[in-house]
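Consider the two complexes below, in which subunit A is the common component and subunit B and subunit C are the respective partners.
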Partner chain A sequence: MNTWWLSNQILIQSTFISLLLALSIQVPLRAGVFSFAGIGSYAIGAYTAAILTIRYQVPGIVAIGAGVLLAAAIGYLLALLVARLSGLYLGMATISFALFLGVLATNGGDLTGGATGLFGAISTVTTEHVIAATVVVVVLLAASERGAFGRKVDAVREDPQLAVSLGVDVIRVRRVVFVVSGALGACAGGMNSLLRTTVSPETIGFHLVVTALTMIIVGGALSWAGAAIGAVIFTWLPTVLQSVGEWQLLVYGLLVAIAAVYVPNGLLGLLQTGWRRLRRRGRRIPAEGAAAPTGVVVQEDPESELAALGGPTTEARP
Partner chain B sequence: MTTTERRGTAPDPAAPTTVLQTIDVAVHYGGIKAVDGIDMSLETGRILGILGPNGSGKSTLLGAITRLVPLTRGRVLLDGEDYGRTPPARLAHRGIARTFQTVRLLPDLPVLGNIQLGADLRLDRASRWRELVRRSVPESVTEAIERTGVGDVLDLLPGELSYGTARRVEIARALASRPRVLMLDEPTAGMNQPERLEVAGLLRKLRDEGLTQLLVEHDVQMMVDTCDRLLAMNQGKHVAEGAPADVVRDPAVQEAYLGKRWNRAADQ
Partner chain C sequence: MAQDVLNALTLGSLYLLFALGMSLAWGTIGILNFAHGSIFMFAAFTAHLIVQEVSLPIPVMILLGVLVGAALSVLLQVLAFEPIQRRAVDHRKAELQILVGGIGIAIIPLAIAQRITKSVPFGYSGGSFSVTTYDLGFIRVSNIQLLTLVAAFGLAGLIGWWLRAARPGLALRAIGVDSEVATMMGVDRRRLALLTMAVAGGLAGLAGVLLTYYLGSIAPETGDAFLLKAFAAIILGGVGSIAGVVVGAMVLAGIETFVLVTTDGSWTPAIAFGLIFLMLLVRPNGLFGRQEVRRT
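== the complex of A and B ==
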């Protein structure tokens, strides 16, 4: 285990950083916002952390935190700017935001190190820090997918007008989504810079858009777990596919095409559908004789009368 | 009982007050006058029906009242106060709930979750957390489920429901917010006759408990059976208004688009 851990450090780090990056796209998508602002935020986080550690000897975690705050603030401003855009137009606008930051980095002179970038961003940030940060993020996002907040986001994505009629402030949800996406992207970027001790315009390029989107499409866009599945697959696939050499790209392309056409909700969607079917099959057999309530999960809750409800209504129906 | 307390102004049937009013409301799309100068008032504890054939502007009027469709002209008042500039999402918080003409349930959420969506705006922070930990369901949700009789499909996805059941789930979602005013856009479309009667009975029962309702339908029998007052529309304009039996007997209403056979419906 220990040797495996040591010899795969870089891949392990990449997995978690990729996951954070993918989440910065997945969070807006979950709210129906087709935004790649998280990629631009990755650049902001990457450069902020590197500049602060190299030029001002700021401790690594503070430098990353500064990048996160900056990107969150810029995310909010961006949300105001693109408030009227949606769909493909929003996607294009936010991609150009990322590309614009790339140009800015290339032409930033001494501050950004121009086309060669910055080197020597030495800090105390370790793999454990990355994992801890990712775990915190995932726990928060997993909670946000459940309960009232999860339903609110689902409603904003599926039917914004319905959401409004149910009292959801759709505009506010969209702004929050931009802020969260900015923070996640910047966190990923900052950690990447400090772990690799370097950042350059090349590392914040358009390929990140493709990487993040690929992970989400194959893994599943509607939950953090989909992004996690995608991050693991696409970080480790190159190692697995070393034997096929140049054919790797073809395998990638096929995977994405198959997922997009046949598994629109990603691998996670497949797993969830399978799980639902299994659960239902298991339940149907005992439910036939008894007038048992159909699996309402609240039976032990004293506040809920649902358990009692299921019985009479089942009987009342012909 | 908590229901009537939450709905606030428990109405004295002798002296209903106007809760919602429209003054000269118009919605125009370019040259098309979908709604053109409708005056309407909704009194507490009553069911007002808006009757009219397809395309007469009923649903657009409902959209204008719920601020989902921008007004071209006119004013909308809630408790005598103009809410024409209130953000539409605030209306739900002020006790207005609605259903739509088509089924609009979230496809990936089980029925229970869809109904809970209606109640979510009334949840305080503590109950939000409690739901995450203990999966508790607010009383208003269980009550709405009981009322609409959807207790045996809570676990299903909307795609697995019959059309009539899906519509009842929508009513349950609207009821779960414990509204002061409930607006229903063709709630019985796609239902069979027993189901329609069941829904009509439910609406009347809710009315008796003090829930004010605005009902948009083109099923005349249902309207006559359910409503306290009818407003007939055609081509965006006001045609007739009054007691249901009088409105459906009104020659203008009949000859314009109902046909004479509805005399029988009025006589029953």
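== the complex of A and C ==
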């Protein structure tokens, strides 16, 4: 265990960092907001943490925290700016925001180190800190997926107009989502640049958008667990795929394409459907004569998306 | 100065050829194809592979690029986008899934080309065509530049006319407004979608071959850069508007050339992103876009 831990430290770190990055896209997506601002926040967090550490020798926590606050504030402003946009247009606007930051970093002169980036951001941040931060984030997000707040967010995603008429403050939910996404992205970026001790404009690009998006899509977009599955798969896939050598990228592309086209709810969706089927089968057998109503309720399961709109939820059922 | 204008027009024409098909597909059948850049690159790349074996003249090379581009695009439509549109519960989900599917599929041709070329730029040195430059005193123009300009403006005009005047063009525009009602009016949505994707892919292939001749060689990664420029051109002009995409491509190329000539050029990549962002904030429908008809 210990040798495995030491020899795979980099991969373990990047699993958790990618998870945070993927979550920064997944959180808006869960509320139906198609925003890639999390990628831009990653850049903000990475550069803020590196600059503060190199120039002012502040502790790692403070450096990352400053980046998170800055990115959250920028996220809020961005939410105000792009309030009119939705769907693909919002996606395009936020992608260009993120990529613009990359060019900005290249042209930042001494502050950002230009095209070569910054080196020597040495701090005391360790793998354990990364894991602890991720666990806290995941617990909070998992909590936000349950109960009244979770249902509110689901309603905003499935039908914003209906959500408004039910008294959900859709605009506020959207703004909150932008702020949370900014904070998550910056946290990932800050930790990454302090762990690697460097940051350069090449690390922020279109490929980051692709990576985060593929993790969510292959894993499943509607829950943090999907992002976690995706982050684990795509961080460890290169090690597994070493046997196919140079065709690694091709296999990667095929996986993403197949998942995107044929498994729209991701691996998590597949697992959930399988689990539901198993449960239904388990219940049907004793329910032959005894509990007819249970059977009726369980049959509604495929329409559980409707249940998200304030109807009976899974927890509420017997 | 005149030389810069000509170079900007050539660059704009290449953007135009690339963006025309994307804009058409996005504005009518609602497909924003993120694999367009990969199709563009792979068509040029296939032509490169063949010209290494046999020395071919430029018309055959162009035909090759167009055919490969169209074939890849139709394949993509049949294998990926059609199943997505058939299964998706609503329009918004389909849009998102098409975008993600395109991003995923775009990796495949790129991976193949990178593997074969080892990421070294490729060109058409094996072909029988040679670029000749005519010196007109105040301006130097090459035959490939002339060809690009004629092809871009000619095809944009042709497609614009076809959309406006021909019956299938009307049907295609009707799908863009409301695909269900259009289907009820007897429009064969599937066939028109395939045709649109074929045209889009063919245009991408043409742009790929012409760009490779113009620059001498391109790298497998060129497609991604072109994709983002095309977005800027489309958003600037307005989705689905042919006049819009012409103006968008020319304005983008003009500003880029201007910045490149007057500064050291490190800000050039930011222009496309800045334009997309500003345009979406100020006028999301673009300069020529119609008020969007939102299908719910």
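One rule holds in what follows: the second predicted complex is superposed on the first by the 291 of 318 C-alpha atoms of A that agree within 3 Å, B and C clash if a C-alpha of one lies under 4 Å from a C-alpha of the other, contacts with A are read in each partner's own complex, and residues count from 1 in each chain.
Heads up, the rule we're going with is that a contact is a pair of C-beta atoms (placed from the backbone, for glycine too) under 8 Å apart; a residue touches a chain by one contact, two chains touch by 3 or more.
Since we're looking at a predicted model, the values are computed, not measured.
**Q** Is A:R146 touching the first partner subunit B, the second partner subunit C, both, or neither of them?
**A** A:R146: touches subunit B, not subunit C.
**Q** Would you sort A:G91 into first (subunit B), second (subunit C), both or neither based on which partner it touches?
**A** Only subunit C; A:G91 stays clear of subunit B.
**Q** Just checking: does A:L162 make contact with subunit B only, subunit C only, both, or neither of them? Give me first, second, both or neither.
**A** first
**Q** Where does A:R281 make contact in the superposed view: on subunit B (first), on subunit C (second), on both, or on neither?
**A** In the superposed model, A:R281 contacts neither subunit B nor subunit C.
**Q** If we overlay the two complexes on their shared chain A, which of subunit B and subunit C does A:F100 touch? Say first, second, both or neither.
**A** After superposing on A, A:F100 lies in contact with subunit C but is clear of subunit B.
**Q** Spell out the part of subunit C that touches subunit A in their complex, as residue ranges.
**A** 32, 79-80, 83-84, 87-88, 92-93, 95-97, 99-101, 103-108, 110-112, 114-115, 224, 228, 231-232, 235, 266-267, 269-270, 272-274, 276-277, 280-281, 284
**Q** So in the complex, which bits of subunit A are touching subunit C?
**A** Its residues touching subunit C are 32, 34, 81-82, 84-85, 87-89, 91-93, 96-97, 99-100, 103-104, 106-107, 115, 206, 210, 213-214, 217, 246-247, 249-250, 252-257, 259-262, 264.
**Q** Applying the document's contact rule, which stretches of subunit B touch subunit A when the two form their complex?
**A** Per the stated touch rule, the residues are 66, 68, 87-93, 97-98, 100, 104, 106-109, 112-113, 116-118, 120-121, 123, 128, 131-132, 134-139, 142, 145-146, 149-155, 173, 177.
**Q** Under the stated contact criterion, what part of subunit A meets subunit B in this complex?
**A** Subunit A residues touching subunit B: 143, 146-149, 151-152, 154-155, 158-159, 161-170, 222, 293-298, 301, 303-306, 309-310, 312-314, 316-317.
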